[in-house]
Amino acid sequence: MIIVMKQNAPLTVIEQLEQEMRDRGFQVDRSKGSSKVVLGLVGDTSALDERDFLSNPWVDKVMRVQEPYKRASRAFHPADTVVDVKGIKIGGKKLVVMAGPCSIETPEQIGGIAKAVKASGAAILRGGAFKPRTSPYSFQGLGEKGLDLLISAAHKENMPVVTELMSADKIGMFLEKGVDIIQIGARNMQNFDLLKAVGRLNVPVLLKRGMSATIEEWLMSAEYIMSEGNHNVILCERGIRTFEKATRNTLDLSAVEVVKERSHLPIIVDPSHATGHREMVPAMAMAAIAAGADGIMCEVHNDPEHAWCDGAESITPETFDDLMGRLKQLAPIVGREL
Amino acid sequence: MIIVMKQNAPLTVIEQLEQEMRDRGFQVDRSKGSSKVVLGLVGDTSALDERDFLSNPWVDKVMRVQEPYKRASRAFHPADTVVDVKGIKIGGKKLVVMAGPCSIETPEQIGGIAKAVKASGAAILRGGAFKPRTSPYSFQGLGEKGLDLLISAAHKENMPVVTELMSADKIGMFLEKGVDIIQIGARNMQNFDLLKAVGRLNVPVLLKRGMSATIEEWLMSAEYIMSEGNHNVILCERGIRTFEKATRNTLDLSAVEVVKERSHLPIIVDPSHATGHREMVPAMAMAAIAAGADGIMCEVHNDPEHAWCDGAESITPETFDDLMGRLKQLAPIVGREL
Amino acid sequence: MIIVMKQNAPLTVIEQLEQEMRDRGFQVDRSKGSSKVVLGLVGDTSALDERDFLSNPWVDKVMRVQEPYKRASRAFHPADTVVDVKGIKIGGKKLVVMAGPCSIETPEQIGGIAKAVKASGAAILRGGAFKPRTSPYSFQGLGEKGLDLLISAAHKENMPVVTELMSADKIGMFLEKGVDIIQIGARNMQNFDLLKAVGRLNVPVLLKRGMSATIEEWLMSAEYIMSEGNHNVILCERGIRTFEKATRNTLDLSAVEVVKERSHLPIIVDPSHATGHREMVPAMAMAAIAAGADGIMCEVHNDPEHAWCDGAESITPETFDDLMGRLKQLAPIVGREL
Amino acid sequence: MIIVMKQNAPLTVIEQLEQEMRDRGFQVDRSKGSSKVVLGLVGDTSALDERDFLSNPWVDKVMRVQEPYKRASRAFHPADTVVDVKGIKIGGKKLVVMAGPCSIETPEQIGGIAKAVKASGAAILRGGAFKPRTSPYSFQGLGEKGLDLLISAAHKENMPVVTELMSADKIGMFLEKGVDIIQIGARNMQNFDLLKAVGRLNVPVLLKRGMSATIEEWLMSAEYIMSEGNHNVILCERGIRTFEKATRNTLDLSAVEVVKERSHLPIIVDPSHATGHREMVPAMAMAAIAAGADGIMCEVHNDPEHAWCDGAESITPETFDDLMGRLKQLAPIVGREL
C-alpha cells in the first residue's frame, strides 16, 4: 500500500501514522518527493481498505500494490482452476456451452429444448425457476415446480443443470433436488449474505457480474464465496450498464482477458442478456470465444415469440445448432475444442 | 403501449398480433405512417413488459404510455405521502435529518454521537450493525450486539433509529429489538425476495437507490414493497456510478425533482456515501435541500480518523452542528422548516 | 413521430398542436388511450427534433418512428457501401487491416514498420502526425514533417495511408500531400464544422466513435459528412467510456451488429485504443472479426517500450504477424477473406 | 510519480528503467515491498504521462503524486482567480448570472429577453449564433447576423455577452464584433487546436465540461488555454452523460467542490442543459449556488414553446425573475451576494 501525504503535512502527523502502521505489524518506508511525502507499507495488506487511510485529512491518495483478493488471485494460485461438474470440465481445453430457456414453462417446452440443445452439443442445461423481474407484476417463475421440470428434463438427457438462486432460504430445496451449478444473478452479486451462504456449500457457483460492478469488485465477490471454503466458482460476463441503449447492456469482452490475467477462475460469457436481441447473439457468442472465454451461456427457446420471459433475446434450436457448428470451427483457431 | 412495426411487416403478422392483444382484453388502434404501421394498446398495461413485444421479429420499437408502477405513481396517488415514525413526519413541511455513525462501535461512541446529533437537531439516529463490505476481510459490523447498542443509545435520546437489513432471516431480530425504519441498501435494491419480505411488514422502509439503477427501476423496487402491502417507503438518493472517480459516486440531485414529479413518496439524500469525502458533505447537504429533498441522511463520527468504517466521509459533531445551523437558515427559502 | 400528451391535456392545446403540425405539412392521427391522447405525425420527420415537442408543457413523451438519419440509413440505401481506396475495398468480402505506429517518429521507424506490416498482410498504413493529447505538455506529433515521412514510407510499400486531421486549416496540406483516408478522431466526432469541411472533399473519411457517443449520434455525425456530398465514410469503433477502469475504454463490439443493421456504411474496430493494453489487442482483434467487423485498425511499433506515444497498447511486428496468421484462419469461418 | 513493478521483475529491467529516469533528470527512490518493487520519481513530472510507463511490460501500475496540470492548479496559484469582464467580476464574492435564449432568433426576441433578464439582475447576456446540433438538418443558428443582434441587444442593456465559438476561423469575427466571453462548448472541450487558438487571445473563455470528461481532463483542457497565455478561464459544469435518461444529462454538482479544491479558477453551473427540463431548472440553480458555485448560466426565452432551439429547457422571464428573488435570499447563507 502506497500512501501519498498532502503537501505540507506536519511531520508529527506523518510520524503518528507511521507508528500506527508499525503497531499493526507493517514495515513502513518513507520517501520524500519534491513536494509530498510518500509512505510505503510492507506486509500483508489484504485486510486494509484504501478508503480507511483517506479518513486522515492529511492523506492525499492511496494506491494498493497488491490486489485486495487472495484466493481468487492468480498470484496465489498460478494454475487455471478447472471446475468439474459430473465429469464436465469448465475452464479446461474443451469449451463448455450452457443452453436452455430463460424460464421453465412446461414439461414439453423444457424437455424439447433440452433434447435439441444436447443434440447440438450443449453440455449443461440452463433454465430459470425463480426469476428476478424488474416488475412485481411480471411472471416470477414457476418456482419449485419449475425446478422439478428442469431436473427431470436434464436427467432424461443426462445433462447437469444450472439455475438461479435468489434467496438463501431456498438452498435446502436446491440441494435436495440436486441442482448441479447454483447461479448467483447480476442483481445479487453483492448480496453478501447470499454469497457467504453458497460459499459454505460443496456445489459449484456461477457468479454473474453485477450490472455496474468493476472487475475488481466481481473478483471480491468471488473471494466472499471462496473465503467460506467453496473454491468452485465460475465467472460469467453478461454485459454492463452504460449510456448506450441500442443494446440491453454493453457486453464487455475485454473483461475475459482481464480476468484471465488476474485470476485463475474460469470465465464464460452470456451473449443473450448482454445484447437483449436475438439477432446479435450468434455474432457475440463467436466473439466471446474468439476473445478467449471458456464457454458461453445462451438462451434457447423453441417458440421465442411466445416465450414467457425474454423471448427477444432467445434464439431457436435451429439457430443454436447453426451457431454450434460455427463455434466448433472456431475453437481450434483459439487453441480450444468443442 | 405504442408498438411500432418494422417497415414491410406483413399484414398477417400485424393482424395476428392485434388479435392476441384483443384476446388479452386490450383495445387496439392501428395507424399507418409513411413507412411503418403503429399499434396503440388501450387498457391497463402495467402487467405488460415492453421487451415482450420485441420477441416478435417484426416489432421495431415499443414505448410505454403509462408508467409501469402504480402504487408508487403520483398519477394514482396525487397527494404527497407522509411517513410517520413515532410522531416524526417524513415528507411533510418539516425537513428530517437522520444522522449517526457508519458503523456502531462502542456504547460510548454511539451514545456520544446520539447525544450530539440530537442536540444539533437531528430527528432520527442512524448506525450500521450489519455492514455490506466489498471485502470479506473488512469489518462486517457488530451484528446483534451493535443493534442493542444502537437501540439503547436511541432510547436515551428519545430518537427513532434507522439501520440496514441485509438478509430476511434477521427480520425477526429487527422487529423484536424495535428497529423503527428498516434500511435496504443500494446493493440490495433489486434483491426482490428481500423487498417482498419487508413489504409484508408494518415498519417503514428506507430504500436506497442502486448504484446503477434508473429512477424507473428504483420506483419499481418501491412498487415491490408496496405491492405486498407496506406503503411506508422512503426513497434515498445516494449517488450513482459514473466514469468520474474524483468522488466515490456521482450525486444525482436532479433525481429529487424527477421523483417528486412521478411519485408521491418522500425522498431524502445521503451526501456522505455520494461523495465519499467529508469536505464535500456540508455543501452537498445544502444543495440537496435547495434541490427540494425532504431531508438528509448524514454520517457523523466523534473521531472520524479512527472510525472503523468510512471515516473519510464522516463529519464531526462540530461540523454537523454548523451544517444544521445553515440548513435551518436555508429551509424557509425553499418553503420548509427545520 | 409519436407524441404522447400528458393526462388531462386540454383539448384546445391538442388541437392547436395538431394544427401547427398540419401547417408544416404533416398528416396527424389522434388516438385516445385509457388516460392519455396520442398523436401520430405522418410525413418526413427527419428535420424534426423530438426535444422540440417537449417544449410544449402538455407533451409527456415523444418517440421517433423513423431514424433521424437518411443518407447513412440502411432503409434508404439497402446495399452495403464499399469504399474504394486505390483499389482496396473497405466493406466488401475481403477484410481490411490498417496498421502502423501511434505516432510517426523517424524515417527508420515508420519505414521499418510499414515494411513489416505490409509483409504480414496489412493493406493500409496508419500513423499520426498531428496528435490529440490530453496534456499540452505531451508530444503533439511531428506535424507536416511527420506527414511527409508517412507518405514517403507508404509509397515505398505501395500502401494507401490513413492519418488524423484535427483542424480544418490543415485540409489543404492533407490534400496536397495525398492523404488517402482522413481520420476524424473520437474527440472531434461532434466537431461539426470539421465534419462539414471533410464532407465537401472527395476523400474517404474514417470516423471514430466519440468516447460517449451513442450509436445514433455517431451515425448522425456520418450524416453530417454525407449531407455535404461525401458518401465515403468508414466507421471505427474504438471503445466507449464506462465506469470500468481495468481497460482504457470499454470496447463495444455489439456496436458492429447494430451499425450493420441500421446503416450500409462499413465499420472497422480499433482494439488498441479500446483496451490500452497490448496483451489484449490480439484477442480483441479476433473478437472484432468474429463479431462481423469489416476490418481492424491496429497500432504496431518496432520498439513499443520506447514509443513516443501509446507504447502500452502497441504490439510488435512479430505479434502482428502472428495475429494476421490467426485472422486469416478466422476469416472464412465468418464468411470473409483476408 | 510512483511506479509499481510487477512481481518478479528482473533486477536488470529495474536498473535500466531507473537509469533512463536519471538520464531525464529525475531522482529515483527504490523500495522493496513484500512482493513487488516500487520506484518513486522525484522532480517535475508534469511532462510525463503515466501511460508511457505502462509500455514497459514489467510495470504493473503507475500513480501520479503531483497533478498533471500546473497553471490551473491551486497548488501553484493558491488565491482564487477572479475574471473581470467589463467590471463584472466572476469568481469573487458576488455571484454572476448569465442568462438569455439558447439561440438568437429576431431583434425583438433577443432585445426583449435582454431587457427582462437585466431587470431581474442577470449580469451577462448569453445567446447562440453558431449552434452545435446533433442533426445537420436542425437549425444551425443565425451565424454572423445572430452575433450582430446579440451585441446590439446587449449594448442597449449595457451587458457583456457570452456566445459559443465552434471554429477557429470565426475568431476574427468574434473579436471584431466585440464578444466579451468566448464559450467553448462541451463537444469541443478536447478540440485542442481550438483551445490553443483561444489561448492566444486576450478574451475570457468559458470552458464547458465535456459530456464524458473527468474533472482532471477538464482542468487539462483549461491548462491548454492557459499554457498559451490566456489565464482568464471560467469553468462551466453542464451535466455529464450517464445511464440515467430521465434527465438530458446528470448534473454533477460535487464537481464544484472538487474544482474549488484543486483549482483557483471560477466555476459556474448550467442547470438548463444539465436537466433538459424547464421544471427542474430553478431547483437545480438553487442547488448549484448552495453547492458553492460562483454563478449560473441559464436559458431564458419569452416564448419557450416556440423557441427555435431547446425550448424544453428554457424558462420564461417570469420564472427567471422569481428564481432570481430566491437566489438573492440564498446568497448570504452561503457567504455570497447577488
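In this document, chain identifiers A, B, C and D correspond to the written order of the chains, with residue numbering beginning at 1 in each.
Just so it is clear, a residue touches a chain if its C-beta (ideal position, glycine included) is under 8 Å from a C-beta of that chain, and two chains touch if they have at least 3 such contacts.
To keep track of the chains, here are their UniProt names: A, B, C, D = Phospho-2-dehydro-3-deoxyheptonate aldolase.
The model shown is predicted, which means the values in this text are computed figures rather than measured ones.
Enquirer: Any chance you could name the chains that touch subunit C and subunit D both?
Expert: Touching subunit C as well as subunit D, we find A, B.
Enquirer: As a test of understanding: of all chains, whose mean C-alpha position lies farthest from that of subunit D?
Expert: A
Enquirer: What's the distance between the Cα centroids of subunit A and subunit D, rounded to whole Å?
Expert: 39
Enquirer: Between subunit B and subunit D, what distance separates the C-alpha centroids? Give it in angstrom.
Expert: 31
Enquirer: What are the residue numbers in subunit C that touch two or more other chains?
Expert: 212, 241-243, 245 - these are the residues of subunit C that touch more than one other chain.
Enquirer: Which residues, counting only subunit B, touch subunit C once they are in their complex?
Expert: Where subunit B meets subunit C, its residues are 2, 4, 7, 29, 31-36, 38, 40, 42-44, 61, 63, 65-66, 75, 241-243, 245.
Enquirer: Looking at the complex, which residues from subunit D come into contact with subunit C?
Expert: 46-47, 49, 51-52, 54-57, 68, 132-138, 166-169, 187-188, 190-194, 196, 211-212, 217, 220, 223-224, 227-228, 241, 276-277, 304-307, 310-312, 314
Enquirer: Where on subunit B does subunit D make contact in their complex?
Expert: Within the complex, subunit B contacts subunit D at residues 212, 214-216, 240, 242-247, 250-258, 261, 274-275, 279-280, 283-284, 286-292, 326, 329-330, 333-334.
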